[in-house]
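Before any comments, here is the structure.
Letters are used for the chains, namely A, B, C and D, taken in the order the chains are written, and counting of residues starts over at 1 for each.
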Amino acid sequence: MPKWGLSMSEGILVDWLVDEGTEISVGDEIMEVETDKIASAVEAADAGLLRRRVGEAGEVYPVRALLGVLAPASVGDAEIDAFIEAYEVPEGEDEGEAEAQYEFADTVAGRLRYARRGGDGPAVVLIHGFGGDLDNWLFNIDALAQQARVYAFDLPGHGQSTKSLEEASIAGLAGALGAFLDAVDVGSAHLVGHSMGAAVAASFAGDSPGRVDSLSLISAAGLGEEINADYIDGFVSAQSRRELKPVLLHLFADSSLVNRSLVDDLLKYKRIDGVQEALQQLAANLFPGGVQQTVLAEKIAALGKPTLVVWGAEDQVIPAAHAHNLPGATVEIIDGAGHMVQMEQASRVNELLLGNILG
Amino acid sequence: MARKLSMKDAINEALDQEMSRDPTVIVMGEDIVGGSGSPGENDAWGGVLGVTKGLYAKHGDRLMDTPLSESAYIGAAIGASTCGLRPVAELMFLDFMGVCFDQIFNQAAKFRYMFGGKAETPVTIRAMVGAGFRAAAQHSQMLTPIFTHIPGLKVVCASNAYDAKGLLIQSIRDNDPVIFCEHKNLYGHETDVPEESYTIPFAEANIVREGGDATIVGYGLIVHRAQEAADTLAKEGIDCEIVDLRTLSPIDIDSVVESVENTGRLVCVDEANPRCSIAADITATVSQQAFGALKAAPQLVTAPHTPVPFSPALEDIYIPSAASIADAVRKTMAP
Amino acid sequence: MNDVFPLGKEDLLKAYRTMKTIREFEERLHVDFGRGDIPGFVHLYAGEEAAATGIMMHLNDKDRIASTHRGHGHCIAKGVDINAMMGEIYGKSTGACHGKGGSMHIADLSKGMMGANGILGAGSPLACGAALAAQKLGHGGIGMSFTGDGASNQGTFLESLNLAAIWNLPMVFVVENNGYAESTSVDYATAVDSYVDRAAGFGVPGVTVDGTDFFAVHEAAGEVIRRAREGGGPSLLECKMIRFFGHFEGDAQTYRAEGETEDNRSNRDCLKQFRARVTEAGVIDAGALDAIDGEVMAAIDNAVEQAIAAPLPGAADLTTDVYVSY
Amino acid sequence: MRARGPAVSTAKPVVGIIANPVSARDIRRIVAYAGNMQITDRANIVLRLLAGLGAVGIERVLVMPENSGIRQHVVRGLERSGNLGEARFPKVEYLDMAVTTSTGDSVAAARRMREAGVAAIIVLGGDGTHRAVVSACGDIPIAGVSTGTNNAFPRFQEPTTVGMAVGLAVTDPELGEVAFRGNKLLEVEVAGRREIALVDVAVVAERYIGARALWHTRNFQELFVTFAEAEVIGMSVIAGLLDPVDRATPEGRHVRFDNSDDPACRLRAPIAPGVVETIGIESWGALLPDTPCPVGPEQGSIAFDGERELSFSTGDHPTVTLRTDAFRTIDVSACMHYGARKRLLHGERAEHITPATQPEDSA
């Protein structure tokens, strides 16, 4: 059972997508798994022959539980039975991890929550979008951490960071990004931004090019003027599950991903004192009347930094066409994904990100 | 930042944060400080079960121990609420309403209407409800239906710490009189609770479990019993949806109807006595609004029409059990 | 202020106008109710004007009073608009409460009138709440509750005396003792008919005054109110009153002694006494008082005409103003 | 024990009791922490008086009715005593009169008791109540039990003793001479109206009566007293502290006040319970009997025994006259000592006892 994100401790094996005896290659979707946060297909991390489906559909399994066995045809059934018999769910660092799941940094922009993963390798900072938080990266952070030192943080007004905004603008949030880098003592980093977070990354790069090693812009704001006003207004004004759920459907290509706990978590966030004000200020300043106020395409192009642009082909919030407004960037439009492409097509996105980061 | 908190501590935190945020919030009740005027420790109790413990140290005389004189101090809280304060009055056990009910249902509930919309009565009355505490007939009742019957009152009953904090803050900020019911057997129950202040709007039921076969509706302690029942039933292939009402007046009947339109089966669970209970009320309303969607007769699981008994042997069977809820669901599934 | 009276000429005229307005308001209701023009039932304050007026002369809009079922006099003395009152009593949408309260529930919080009350004794805890708010907010106001000799047997009244005493609330308990709890005599219904004694039992000082003597009430009330305002704590003011009419309109009053009402009207009429005092002392001439009489009568006539002409509430009003939000 | 008094008496003397329920209820409760003799205490005092009267053979007592609770409590007490088979109380009858709950009740009761031929009236109240009774009781002797606020006139004595003393005084024909004392009073005439005071008459500038009780010395003009003791409370103590005069001496005192900023003399006096005021004094002197003394100010109001009662204006010209031997009171102490000497309270066998020392016997 894979571990998606910091809070995942168990998951339901919804169903197998492959039969025993199938030859599997890396990236194949082999099973459907659902957590209290999200449901998604599990892609094979290794290639091989699926000899045994241990996990049963509909059952709940702890993270790292044995769900299936890959082995060459040469290995005998008895051996496999023995392996299954002997398998114990690794204790893992779960307890220790539970402590270390989130940290807080007191910065000039206020108290910011962040997660830090991985040891050596280049510094990577993940910046979520409007109304999001660092859990938007739950399918990415661990994968990137394999080869980099990854930071994901909540922007002011978001997640569990301070809810007060010094300045409700892209530049203001870019300032907070700088403050965060100072606080965690990161001189320069590879910036990965999603949606509004991409504009924040770009704006920061424009102001402090020296602190940015590369830019990865996902479903980015700041590359054109259009943005789905219905989504923004709907997200800001929604007061109940009934109002919020249809709005969130704009985020994914696969609407089944918008489950109850996703909606509930966002409602809980929106109901914290100060959040409503913060979102209203940002929406009013950044996208009044459904028009993006900060378009940075030229500015970014001028920087000449290694720049990756990733988009979900079915993005209903910011048109994928904006991907082409950035000359000189590597552009990847991914089918079967919407605005939250980094969640819907995680492994593909992770692959592209590592490509841009490691050069 | 979210962390595990018991319902008791969540309520304490809600009071603390609202008192810090709004100087007009005062808290009064019997022993809510504890030891006032006594030779020993002040803040000795912090409420009979320690819910308000420690607040006196932070907010001083904005917490007031009252004499055992419910009519006087509940009435005073109500009067003060029409004069610029936002009092939170603790009526230790809701059972004690008998000695101050006039102030609640003839005064607080009616001011706005009687005075042609000129009065606002932002008072919150906190009280413990529910059985299972071995507290016998006069300290264990679930009297919520008596209050939901009264126009002008709002009635809240949280099933967990997160809801308790958000609903209590909402109650204190609300400009109508609110009866905030705390199930004493849930005080120790822990959930993730944000450190920040937050509110949960009234009339929004919480779908604590989604399912397509049957809808179980309840509030307070019962919600946990329903979850046990749903787990059992899931193994039998029966997929239950559980609706936690959270607020009983106003009540989110739409969520219940929506759910029943989806499942076609309704089981209403209520720790109150059966006659004119919340369960009976919901059954009637759903039968009226979604009769066509019903695949089976709605089932009610309530306490019997008796006072709450003392003997643990009796009290344990007085409260609707997970088993009885599961049986009721099975009944609706029977062909 | 002059050396003859504790009040200046203007205040004396104001006091007379208030008492006269209450009297004529009630006398007019007595007639119109008898004619069947007014729905429900009304409890008239006629005969007791000196108490409400002598007390309320010392209050301002920050001071909150909780009244009784016999509240018209308190409303008028506290400054509630008589047109709005009359409209309310007639059940019209122009009423003080848009016709939803009626005679027994007239309120005007902007004037510090927390409401007449149909539940006897219920006002005492509410007024303690007003006093508590004044104490906590420090705005110098006071809370005042009115109870009759009957309602002063309610637990709420006694519990409130205790609460006001232990919290040293800026509170005044006014007991309007007119000798009858509805039809039952104080002598029968009250074990120890001294409300000063009751207050003393809680360590609350009390004073008994002749409630038909404006000057007696005014002086005693001024002192208890000053004390409450300045942190001197709660007091009780017992006014021995005369009720000209029955408990409610239509009450045959057979429980009264032979000629009691006639004697009250001719010998213990607070308005007559007031008029005699100020004119004999030569401070105010009868002409000025007669002029006020005329103006008051005109104002009452106007109030009734307005009330009769005013629209009734519509069906849509039935369900409004139950909650601030729901 | 059988008292001897009644044995020698052929007549069946009747005693009246006037218990004022509204004394000690004025504004001095509020401003001066004045005492608050509760209704139940007053009723118990009446019952103790009755016990004392009954013990010396009084069989019938007339009582003033009121509807402030004393009567209810007394009647309950008598009934309970009867149920317990006790025979300690005389027969109690309430006067048939209208109750107005004002001092008028005390006046009316005193008049009716005189008409009914009572031998004595026992008064419960303060100076004000005694004044009301004296204004109407004529030559009927009175005995006072203090339950008021300003009690310069009545002293507090155990009611049981007062009852016994009065009982003896009215049943033993020889006792009259030692028992009864003559008293001074002040007569005020203003515009043809006559009012009396037992202790003091105070003239103040303001002309409204208000809450009646005098509780501040603003606008004090003049004071007349029948007697002035230094240790009492009320107006008369002012004279008492300047130049005392006892109850027997046939003269009173007259004090003129000075409200200016620098009066001839300043005096600190306890004019009401808890109220000690500094008062400016212009002059003082003796007030001689039967000599009308004009009041100084042109207009103002007059307080009798501490209560503002009437106001006067230009042309009224009030005068104050001291009268001696104006009404009779019963000397409780003298009665009891007489009773002791005469062994009125001794049992049958007392005669045969020869005490170590014979009591002095003048009679």
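Some observations on this one:
Methods note: a contact is a pair of C-beta atoms (placed from the backbone, for glycine too) under 8 Å apart; a residue touches a chain by one contact, two chains touch by 3 or more.
These figures come from a predicted structure and were not determined experimentally.
Across B-C and A-B, it is B-C that has more C-beta pairs touching. Farthest chain from subunit D, judged by C-alpha centroids: A.
A straight line joining the Cα centres of subunit B and subunit D is 66 Å long. A straight line joining the Cα centres of subunit A and subunit B is 38 Å long.
The chain pairs satisfying the stated touch condition come to A-B, B-C, C-D. In the complex of the two chains, the subunit B residues touching subunit C come out as 24, 26, 62, 64, 66-67, 69, 71-85, 87, 102-103, 106-107, 111-120, 151-152, 154, 174-176, 203, 250.
Listed in rising order, the residues of subunit C touching subunit D in the complex are 3-6, 179, 185-187, 190-194, 196-197, 200, 205-210, 213, 215-216, 218-220, 223-224, 227, 235, 238, 240, 257, 277, 281-282. Only residues 21-22, 25-27, 29-31, 33, 36, 38-40, 67-69, 71-73, 98, 101-102, 205-212, 219, 299, 311, 313 of subunit D touch subunit C when the two sit together in their complex.
Per the touch definition, subunit C reaches subunit B in the complex via residues 64, 66, 95-101, 105, 107-110, 114-115, 117-119, 122, 124-130, 132-134, 136-137, 143, 155-156, 159-160, 162-163, 166-167, 320-326. Considering their complex, residues 102, 104, 113, 160, 163, 239-242, 260, 264, 268, 271-274 of subunit A touch subunit B.
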